[in-house]
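Scroll down for the structure; my scribbles are underneath it.
Residue numbering begins at 1 within each chain, and the chains themselves are lettered A, B, C, D and E in the order written.
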Amino acid sequence: MKSKRRSINNLISRPFQKQPKIGKAPGSVIYLGKRRGEKFRVSLMHYNEAEITEEPLEKVEAFVLSPTSRGVNWFNIKGLSNTEEVETLGKSFGLSALTLEDIVNTDQRPKMDHLDDHLFVVVKMIYPGDVNQFHIEHVAIVLLRDTVLLFQEVEEDVFEGVRERIRSSYGRIRNRKADYLLFALLDAIVDQYFIVMELMGNKIEQLEEKVYEKPNADLIHEIQALKKEVLELRKHIRPVKELVNQLIHIENSLIAEDTRPFLRDILDHCNEIQDNIDLYREMSVSLMEIYMSNMSNKMNEVMKVLTIMASIFIPLTFIAGIYGMNFQYMPELHERYAYPMVLGVMALMVIVMLIYFKRKDWL
Amino acid sequence: MKSKRRSINNLISRPFQKQPKIGKAPGSVIYLGKRRGEKFRVSLMHYNEAEITEEPLEKVEAFVLSPTSRGVNWFNIKGLSNTEEVETLGKSFGLSALTLEDIVNTDQRPKMDHLDDHLFVVVKMIYPGDVNQFHIEHVAIVLLRDTVLLFQEVEEDVFEGVRERIRSSYGRIRNRKADYLLFALLDAIVDQYFIVMELMGNKIEQLEEKVYEKPNADLIHEIQALKKEVLELRKHIRPVKELVNQLIHIENSLIAEDTRPFLRDILDHCNEIQDNIDLYREMSVSLMEIYMSNMSNKMNEVMKVLTIMASIFIPLTFIAGIYGMNFQYMPELHERYAYPMVLGVMALMVIVMLIYFKRKDWL
Amino acid sequence: MKSKRRSINNLISRPFQKQPKIGKAPGSVIYLGKRRGEKFRVSLMHYNEAEITEEPLEKVEAFVLSPTSRGVNWFNIKGLSNTEEVETLGKSFGLSALTLEDIVNTDQRPKMDHLDDHLFVVVKMIYPGDVNQFHIEHVAIVLLRDTVLLFQEVEEDVFEGVRERIRSSYGRIRNRKADYLLFALLDAIVDQYFIVMELMGNKIEQLEEKVYEKPNADLIHEIQALKKEVLELRKHIRPVKELVNQLIHIENSLIAEDTRPFLRDILDHCNEIQDNIDLYREMSVSLMEIYMSNMSNKMNEVMKVLTIMASIFIPLTFIAGIYGMNFQYMPELHERYAYPMVLGVMALMVIVMLIYFKRKDWL
Amino acid sequence: MKSKRRSINNLISRPFQKQPKIGKAPGSVIYLGKRRGEKFRVSLMHYNEAEITEEPLEKVEAFVLSPTSRGVNWFNIKGLSNTEEVETLGKSFGLSALTLEDIVNTDQRPKMDHLDDHLFVVVKMIYPGDVNQFHIEHVAIVLLRDTVLLFQEVEEDVFEGVRERIRSSYGRIRNRKADYLLFALLDAIVDQYFIVMELMGNKIEQLEEKVYEKPNADLIHEIQALKKEVLELRKHIRPVKELVNQLIHIENSLIAEDTRPFLRDILDHCNEIQDNIDLYREMSVSLMEIYMSNMSNKMNEVMKVLTIMASIFIPLTFIAGIYGMNFQYMPELHERYAYPMVLGVMALMVIVMLIYFKRKDWL
Amino acid sequence: MKSKRRSINNLISRPFQKQPKIGKAPGSVIYLGKRRGEKFRVSLMHYNEAEITEEPLEKVEAFVLSPTSRGVNWFNIKGLSNTEEVETLGKSFGLSALTLEDIVNTDQRPKMDHLDDHLFVVVKMIYPGDVNQFHIEHVAIVLLRDTVLLFQEVEEDVFEGVRERIRSSYGRIRNRKADYLLFALLDAIVDQYFIVMELMGNKIEQLEEKVYEKPNADLIHEIQALKKEVLELRKHIRPVKELVNQLIHIENSLIAEDTRPFLRDILDHCNEIQDNIDLYREMSVSLMEIYMSNMSNKMNEVMKVLTIMASIFIPLTFIAGIYGMNFQYMPELHERYAYPMVLGVMALMVIVMLIYFKRKDWL
């Protein structure tokens, strides 16, 4: 039973994890996640229309100081628990302390910050795992001129499709600037939200089936767990719409005018996802309603059985009791056909009762 | 029982169908609908005040390159699963990749896009089918200068009235530009929404009748199915109001000033439909309330029958039990009129009970 | 039972009635109401500070062409089913096809249209009828320079007070322009809303009394009917607030600056009515709550009676059963005072039980 | 029981009282309240830093025509049912007919009107009366240059503190203009709202205590009465926040710049009161929830008693019944220790049952 | 039981405490809190990049008059019940009477006031105490040029971390102005909100566990107490978001441009906390739902036991009753194997019943 429940704590940012930060100055770069073992790795994908290079990086600084070629630089940084390395790398790109703090703060709500020479985006990468679960991973993206920094906690990600599109020579992405890469990354993340929505939809459908077919007390756990999952998804996805909207309307040359229609496309998707989440919430309310009304129906059924049994047999027992009395003067007792007559009367009473209950639709 | 339920999946955009698109570049023209067999057909209606020509088209390009006559060109394109043809046609009119993607994306939420030289509108055509069902079809409309492109998945549509008005020489539409045709098409779609509203209203009324007259456990399925249908309609119709509002306030010479009052008329209709949908939602909540209170009433009735039967006969049986005891010294047993007296007492008890229950309004 | 229910269809604009319009061009003047028999009548009241003339009109055009005297012209047009006459009259005043369509469209939601040389207002006249019902009538008002056109479906109306104030030489109205007449008409309509509110308030109060005093299953019908009536009123009254607000803030010389405080007064009234409607909705929710909790209380009471009867007599019957057993060796049976002792024990048990139930507050 | 209920009609503005006004011209000065017997009295308090005079007034006009001294004039007018006197006085100060109408309209919702040379405020004075009730009195305040007109229905008011502060030579109020007096009056009214809030809080607390300790069917009346009281308070208090906000932001030299911080202070208080009212509404919902769940608990308890009694004694009665049968060949009947053995078995069954129910936590 | 309940009065500002203020002029400096015994203490922390001095102050005025050194002055004033001292100190810094009133008004809702030469902020310091409780303390902060006045009721506070950061020579705070100190203080307060959120989260989780594992009637107290705590937190925390937002957008040179990103960081935290509070409210609703459905399940279980026992044994008792009748002519009674046959029939009936109940899933 326990395994079916989803701890409420998944839903709540865990502030005690923040306790190392309480009392620290803001801008302290402190990792709050649970992926402490992950190695720090940086890989660079550099591309323009003509060429593309991919390499794991040893020294970031070296590269940054010699921007030898024209094109887009995509730094993919993994293993955020290594805060010192993240801080060094971030500072070499001129990121502020507050930005660095949010990059490693895995509890950070999705948001967009607009700074002088860079845009900073935090979103959650949500994708299906095994057995009806989904993973939620913290992702931070920094957009600089010609450069995108992508920070992840873990190795696994949802960006393989973007990498493939860059590697293949056709496709729009190679002819575009870094802002288009930012869009492509966000688009890949939001596309996964659809997959997760589908997963949820199937879950709700299965649960609905169960609630209709064989309702039992365990289902309330599942319905409530579902409700929490929907709330959890909403918590992570809802702010994304807002941040995409900000990206579209920002006055900043980092986002080219002809990238905005693509961002508007993501906004469309966000609207659709929000419609779905709202729908899921209404569905979980409906499930509760159906469950409660089914419980009430079952109660009705139990009571009907009791009432029918009692109403038929209690009067009969009373009649039998009458003739079980030991009065000296009970003339019926000595009649020849009294016994079968009483049995006949009893049978008649049963028939009348059954007709009555039939009429009431209780049978 | 199953057939009465409406799958929740009708309510949710089906993202796994999108999986062919996951990882693809945005702007990929991929058909997501279920009408793969439909043939690709284009027909052109060209009209001005003086003349009108209707013809199925073999080569769209030919026509586009030689706009020999003044007036409005209405291209009606059917069979969106033929994405290549759609793409070719769209590009010959200068449509962007994102627009083309949305034209064939049958999951696209209703919306309006405002581009440099054209307006792009996606709406859902909803019209009644057989047996209390309604069809929902994806429609995309592009408004260019003097030209309207109307994209549909299927042959059937709700625009026959518009065609008739164009063919008949009277009526305002022949003297007007393409923006008025766009209005006429939207108006025809929104008019059908009213028909669907009426259908829903009748359904709710019938269901209300049933819930009052003979409530049973199956009704909860029907009520919940109704609720889902209302949610589904709301999902498709609600964004229409917003997009019409955008059309009214857009600053674009494609929409003439004297067409805006007509659009405002559609907005009025959208407001009315939204009022109705809100009402339907409240009605479905009411139905649930009535159902639950009826269930509770039935339970009360069952309990009353049980309580009356038990309260009358259990004490009587006890009295009979008393005189069924085998004590040696029970003087009453030997009284001459003890038996009829006991029977009399019992009858009296029954009468007192009945009066009591009558007073309590339980009979 | 049926007569107590209010059909949901009163709540919903009936689109099938619109079917004559489906496929017709917008601006088609088609009557949708149910008062087809009403004769077409036009009467004119012309007044200024000095004089007043009232006359039924034969030919509207004649008058319009010769505006011989200074003052306000109030045309009162009745019998909207005569669409041709309405159309002729409307066109002679320069009304657009869309305005004419809305004048005879009795399903039109309350609204205000602001056109070049006239203002167009649709509202619903709601006033009490017989036996706790109220009438809802469609009214359209057009404000032109020095002229007000008032369109009604039926003879009966709520404007007699306005006419009296015009006829009597004192009162502000004779010194004012047509915009003040528009205000006076709206004010008369909104005043009636208060009467209807009072009617509803009394209904709710009576229903509340019933739900408290003698709740029964029929009340749920009445509560739900009340809820629908509240929804119906809200549907017609809510948009009025918005349209009055538009009238106040419109930039149009047709509405003089010194008429606006009077319109603000109507807005005040609308706010108050909306407060009341919101209150009524909360009251109908409360009624449902009280009803359900009363049902639950009655159930409790039924169960208590059953439990008390069963708990007292089942154990007693068991004891009687013990001594009804036919064992050969039951020493008690032969005791001289066994029978009265057993009866004594039984009486004691009853007393203990009664005290127990008394303590539990079940008696 | 009846006395505990609060009539819904307290909640609703009573329009039939308005019937004298229906058909009358707007601006008709008609008293709608219930305090017809009150005498018309006017008193004037005139003060500046240096001096203060207080006097009952016979002729207002005289005074108004000779404003001999510098300072603030506070006219306190009581007894609004004397509409003629109110009208005469009002006109001598140049008040418009609409303002005069609202002054005596005791159903008027709290509001602020901004006219050329005066501000007009309607609020409700709410203060505790005896036995857990509170009074609601209509108050109208007009702010003119150097003059405040305060209209009340009754003698009693909440402004004694303000008068005291004026009389005592210290305190800010004597050095200030009329706008500060307006503020002081509003402040005194809003201060009373806090007292009323406290009263309500205590009521809710007592009711909560009762619902927890000894829930019974009467409590539903009290909870619903409480809910209505909260709704009534909200109705009168909520618009005050809005009107104070308008006073703060009004562009009018009648309100000096350095008075606005004080008005902002009132706004703060209004926010706090609104927080409380919202809280009270949630509390009344909670009370209903607790009540319903307590009812359900009591039902459970009743059912448990019934089930325990029936489950223990019905099987025992059956066993007794077995050995009460009159078969000729029942060997047990003749056993020497059959009777005590059967009794032993019965005792064992009771023990097993009790353990079972104990395990189920039903005892 | 009582101890588990949280008095509603914690939730409501206690206006009777305000009664000393009723009738007093606004700006009267009256302490409303419960910490009357606290001594009045002022300590000053003066710092700049180079140096830092900390000292308890005897005479504030002395210091204020001789601002000998460059840097930030942080006055920490404790013991607000000493209103005279607070007033003297406040006036020496030029604070207005209204500000002083709010400083000692411990019921003041969180807010921000923007005055000519200072900003005034009221917030609540909420931090965990013993045994699942939390403290709520009133804090007022005044930001002047180069000076921050921090007013607290009690000795204990949440600012030790800020003091430490100032004392340690590294960290940003020493190089910054007074506005950064204001930010640091707010940040320290909001950080504690996270701790409290965590505490609440754990409570909800434990309660959820209990509601699932062993629901009983006491839990409703705990759920309702939790709901009140959530409402109480919301009341104190919600306005903070608004005031931080005002601080960010204020046009005042007291807040430097480069401090605003830090304030935006707090705003982020406030958003997150608000998300959590909303979540907690939904959780408490869910808890109620689970509780009610568990109650309903338990009822079902009780009824099933009753129905099974009654349905099995009542018919059997009837059969036993039949053969307990004393008719003279009952041939079965004299059959040799009648008794075991009847017992066999009874056993068969029990088996059939058990199978039936098994099929119905009642066992």
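Assume contacts are C-beta pairs under 8 Å (C-beta built on N, C-alpha and C of every residue); 3 or more make two chains touch, one makes a residue touch a chain.
Note that this is a predicted model, so its numbers are computed, not measured.
When the partners of subunit A are compared with those of subunit D, the chains appearing in both lists are E. Taking each chain's centre as the average of its CA atoms, subunit D and subunit E sit 26 Å apart.
Annotation: 43 Å between the Cα-based centres of subunit A and subunit C.
With touch defined as above, residues shared between interfaces to two or more other chains in subunit B number as follows: 296, 299, 303, 306, 310, 314, 317, 321, 324-326, 330. Taken as a contact graph, the chains are arranged in a single closed ring, with each chain touching exactly two others. Every residue of subunit E that touches subunit A in the complex is listed here, in rising order: 160-162, 164-165, 171-173, 183-184, 187-188, 191-192, 194-195, 197-198, 201, 204-205, 208, 212, 261-262, 264-265, 268, 271-272, 275-276, 279, 282-283, 286, 289-290, 293-294, 296-297, 299-300, 303-304, 306-307, 310-311, 314-315, 317-318, 321-322, 324-330, 361-362. The part of subunit B that touches subunit A in the complex is made up of residues 1, 5, 7-9, 11-16, 18-19, 21-27, 96-98, 107-109, 111, 113, 115, 214, 216-217, 220-221, 224, 227, 231, 235, 239, 288, 291-292, 295-296, 298-299, 302-303, 305-306, 309-310, 313-314, 316-317, 320-321, 323-326, 330, 332-339, 342-343.
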